[in-house]
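The first chain written gets the first letter, and so on, giving A, B, C, D and E; residue counts start at 1 in each chain.
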């Protein structure tokens, strides 16, 4: 899969290879609140799939269901051909599902470096004993991991912050670190929850660039949630629109953008 | 490596570890040398602080009097103030502070508590550091370096039971006691005596803490024993006696020495105590009329009377005797002191205890002192008790063979 | 009028974050404060509402004047009582309290006007009214953001400091928040608006400041800022010819503009 | 049967003391998320203060004075040692309270002296006949006093804005400050109340058997009580206290016969056993609010 | 990856590394190497101190091992445990029983070699840790703290009842025998006094345990612990199994505690079931907090501070002439000693909540930014 992957590529991919992720008729409610109500979609390899919708529409909840944080009352979730519903989050992560969080969920007292290294947690094979002794295996694996992490640090231009505890970093940088942590997992699918919220234009543009590179050059499919329409409409191959947990529209940016339901439910007349 | 402990002997003025030719820090007579004795006691936060404080104070007064009376063999005065340490009733702490002072003292005029002393006994023996314990557990009968005074808890409660048998003809005896060297020791004595007198015996171990006595009280009121041998602390004793009586119990209580505290007569349990309680003890109370007691009262001046003072004071006599013997013998050293102790068969307690109480020679069984007293509560008396039965040895104690600490036998 | 004079703020006794910032928020106006991440905007707001020492930060130089009286060094509670109230960055709602309880806490200093303020906020955010009894920690990000803004209004402040209020809000809501700010301001509350969404901020502000690494680098009427080429390029995302750039065109190695350095 | 009831009533009596102590812990926890290990010291201080004052002013006045006195002491401690810690990790603060406990207790021991001190309460060990049961008056007194105090507290937290302010401050001090909540005042308030409650509890602990240098240990009983009830629930504290008291009392009376294999004096640890059992079922105690977490 | 891997000098790092292994080394800076060298030197030299101090320090070193253990579960993994005393006890009794005299009053198997009883003690405690972990894993913050406290009380009860093992309260039992290849560390020997041998033994062991802990901390496991502490949901979502790691944390921490317990009483040679109480747990917590959370060096500093404090406070009253040595008066020296102990802890934490480590950080930060005062 090579660069430039817009709609057609994805379409072709959908035809050719089985989807990376499928969500079928998922329903989730909390004490009366219907967070998700019959949502279905599929993400093709190397597709850049966006989910948008008003606040409280259920976007984050969908992410939480897929990554195993919430257990839906109904529906099915298949990742890389396996049914992952009800699996513990860490096992789903080990399968290669990485995500970022809407409100940055970094490990605040750890340095950027450690946060990224943690992304690689399930790639390590050594156990407590060799950890205590720091002999052969532990040392070897740690060095290797460090090398991969440094690549990401270069890629995301985090070198300057390498040793800083993330809690002291500006919000924008924290978001980048979180992306880095997800990349360090060497994911088969990347889910980004509002990656550019609270960023100024410059940073938004950088983030856009990173997302495109990840998809185009690493060929990692991405599910993107954000309220920045400029970003979503420019980057996404396909867009799913939710409202009150229900799917309102699904299609290419061009299609949904002019869908009156979407305009009325979501876009409003805002800048 | 250097072996420490005796290299101070090289220093000028030092005769041996803990003995100098220079006068004491607070001398009566500057021409005399000084013998240093250490004190390791429960002075602040531990369970026995209330007793330990007066004990320590009394011993200070005791040695002060000795010094003013010309010291030891006219050659030395005794200092017990330079090396006083707080053990918080914790074995590790006890050991730590002991390590701190051990190279500066000839012996210990007080080492309080059994588990605490056990944490240093090995070292005491290794360096033959003669020490006076501040507890009457039967374990001390079997340690040469420990110079205890007065009968141990085990004997004390044997006598208590025998006394009760004569006086109240009980059929059933219950020992309500703390765990360990104090409580279990007394309970064991009571058990032995009960068996010898063919009485039905039960033991109820109770934790410390006034609200924890519920079980003891229930056991007492449920089984209604004719006699309860009580081996706890004062507050708990008040709870047990008071509430059992409130619940209609009418049997007798006899408490072991440390169970008593004069303030119990101000407690709500006072009526019950006056009605049902007697108290055994290894020595005569504060108010007793003997030269020793009188000397003590004069020496201490106007303090709130407490038999902590009485015990502390009387415990010091054997050490005084041993020191005099050592100085007379000329071998002024820890070994010398230990030999002096081993050769003591009697000690002059100035009437506080019979001279035989100070027998430290021969085998433990023979040397064990077996006389105790029984007191009854008395609002008029300074420490709230007066003697009803002076020093006596009950048949059980008489015939009992001391072949190991009692608390092991419960 | 809220005025900051040559303010210097240091964190942990060592990290100098504000290097002599000065700005004025005239009573009754809306003032926008733009700036890259880490510029020090939040720090400035902390200084204004007396929350620095919670972060081991302190004002080492300069002063903050509220209607001419110095207020730096006052305790936060006192500052709130004087009518300055802040919407903190990152929502910071009391997750374990219900929506309504959150609002009540917001009204801690204005118990008398509680009822009317409550109606006002529910009027502005019907969604909150629906969720009034829900535990706020379970609200969605945007819902929490509304709650944060609503809570700040509960003390009926004269000066409202907003730290990125549109963060995480759906476009339609961003519009609402903008109108809301205008409305609040019309009702007589002075607003200092920290925003990453520059178009939104400048579209309603009378005056704008741009902050870079602890210094104010631009201080112009909003209209002028909107016209400024740099602002156009770096905050509004408009190409030179004035049309919005597509994110796909953005070059990774694009030159970075810095006003100083 | 009679035995069971009497044992039960004794349990309720002691339980209501635990409840008072537990309330102190909970109030401080509600406002600061800290378990104050200084409570035992305040408790014993209260009892000792009463035992001295009672001789001059009589019992009831003494209790009132001592309550105010200890509340004052608590306030001072809070101002000096706790207030500077606003925004600090709670466990650091917890250890500080521990240091405070040590200091206060040493001072108090000085006032206890060698003897057991009596608080001079009017009830003594006198029982009242009560449906054929001999019930000690002091237990009735404890129970009633606790009931009254609890009602007052509930009213306070219900009808003033401080209840809410406390929870807010506990959850996020900075944000609470930003809402104009004076976290300092909240802290002071909670410590003052807790100190006062401890003093009352201490007095009751002293009734019947007096106070000595070890009495403070009883205060630790409140810890399992607050866990059983839920760390941040006033109602929970009361329930927890009573449950612990009753179970303990019943175990004291019957475990010896029913389950001797548990060893003598299993009663001493029953509070903790109960606590563990409750937690197995409810990780936040009976009434504690679960931690809110979502991503 | 798009960018090829380069071991180049990373921007913004003051120090130049030519390889990651250098950068990831325990002592990554010259300063650290020097400091450690100096400290170890001092430690070794101080074996010339008077015996009583050596005994005290030996105790402090053992305490440090325990504190490091607590720091692993509480400092790194964020699971606050007041149950440390219990695990210490398990270790102490395992060791004592294994090396105890078979014919004696209390349980003993007569295997005196440290090589046997030290690991055994650690493992026994670790096992206990694994047993409580499942419950602990469900609890949060202070709930966990108080539950683990309950563990201490339950343990105390068991140890007091089980007098065949413990000798019973107020009586106690002899501790483990520190014997290695026939050499007795608890007796004067050609190599030095009892105190000196014990001191060196504990020093060496402390170094071993400390290095191991540092390794753990910088490994995947240490990182996973910190992740759980900072944000457990996020940790799980990036692939860290919570329960498994919480259990692991308890196991390792308890292992340290067990070893500390086994060693601690070889110094006094004797111990009593009353010792393993709330106070002990609390002292360990204090060591961790005063030293600095989640730092090994901090734990050691904290242990030294707490263990030496009483000795210090003993000397202080001597400087205050007005207080009397008369134990019946208030205030007397002994009360002041205890009060000072509490007071110093309070003062210290009020003025430096981040602990001794915080002091060091401040100093360093200041130094770093020198000559600029910010």
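One rule holds for everything that comes next: a residue touches a chain if its C-beta (ideal position, glycine included) is under 8 Å from a C-beta of that chain, and two chains touch if they have at least 3 such contacts.
Here the structure is a predicted model, which is why all the values come from computation and not from measurement.
Between the contact lists of subunit C and subunit E, the overlap consists of A, D. Of all the chains shown, the one with its CA centroid nearest the global CA centroid is E.
Contact count check for B-D and A-D (C-beta pairs in contact): higher for B-D. Separation between the centroids of subunit D and subunit E, computed from CA atoms only, is 32 Å. With each centre defined as the average position of its C-alpha atoms, the distance from subunit A to subunit E rounds to 42 Å. Centroids of subunit A and subunit C (each the mean of its C-alpha atoms) stand 28 Å apart.
The mean-CA centres of subunit B and subunit C are about 75 angstrom from one another, to the nearest whole unit.
In subunit A, 60, 69, 101-103, 105, 213 are the positions where the chain touches two or more neighbouring chains simultaneously. Those residues of subunit E in touch with two or more other chains are numbered 233-234, 237, 335, 338. In subunit C, the residues touching two or more other chains are 138.
Subunit D makes touch with subunit C in their complex at residues 86-87, 161, 164-165, 167-168, 171-182, 184, 289, 291-294.
Within the complex, the subunit A residues that touch subunit E are 67-69, 88-90, 93-94, 98-99, 101, 105-110, 114, 117-119, 121-122, 124, 126, 128, 131-134, 138-139, 141-143, 146-148, 150-155, 159-163, 181-182, 185, 213, 217-218.
Within the complex, the subunit C residues that touch subunit D are 49-51, 54-55, 75-77, 80-81, 85-86, 88, 92-97, 101, 104-106, 108-109, 111, 135, 137-138, 151, 155. The touching residues of subunit E, when paired with subunit D in their complex, are 80, 135, 138-143, 145-147, 149-150, 153-154, 156-158, 161, 233-234, 237, 278, 282, 285-286, 289-290, 293, 330-331, 335, 338-339, 341-346, 349-350, 353. Contacts from subunit E toward subunit A in the complex involve residues 1-7, 10-13, 20-21, 23-24, 212-213, 215-216, 218-224, 226-227, 229-231, 233-242, 248, 252, 294.
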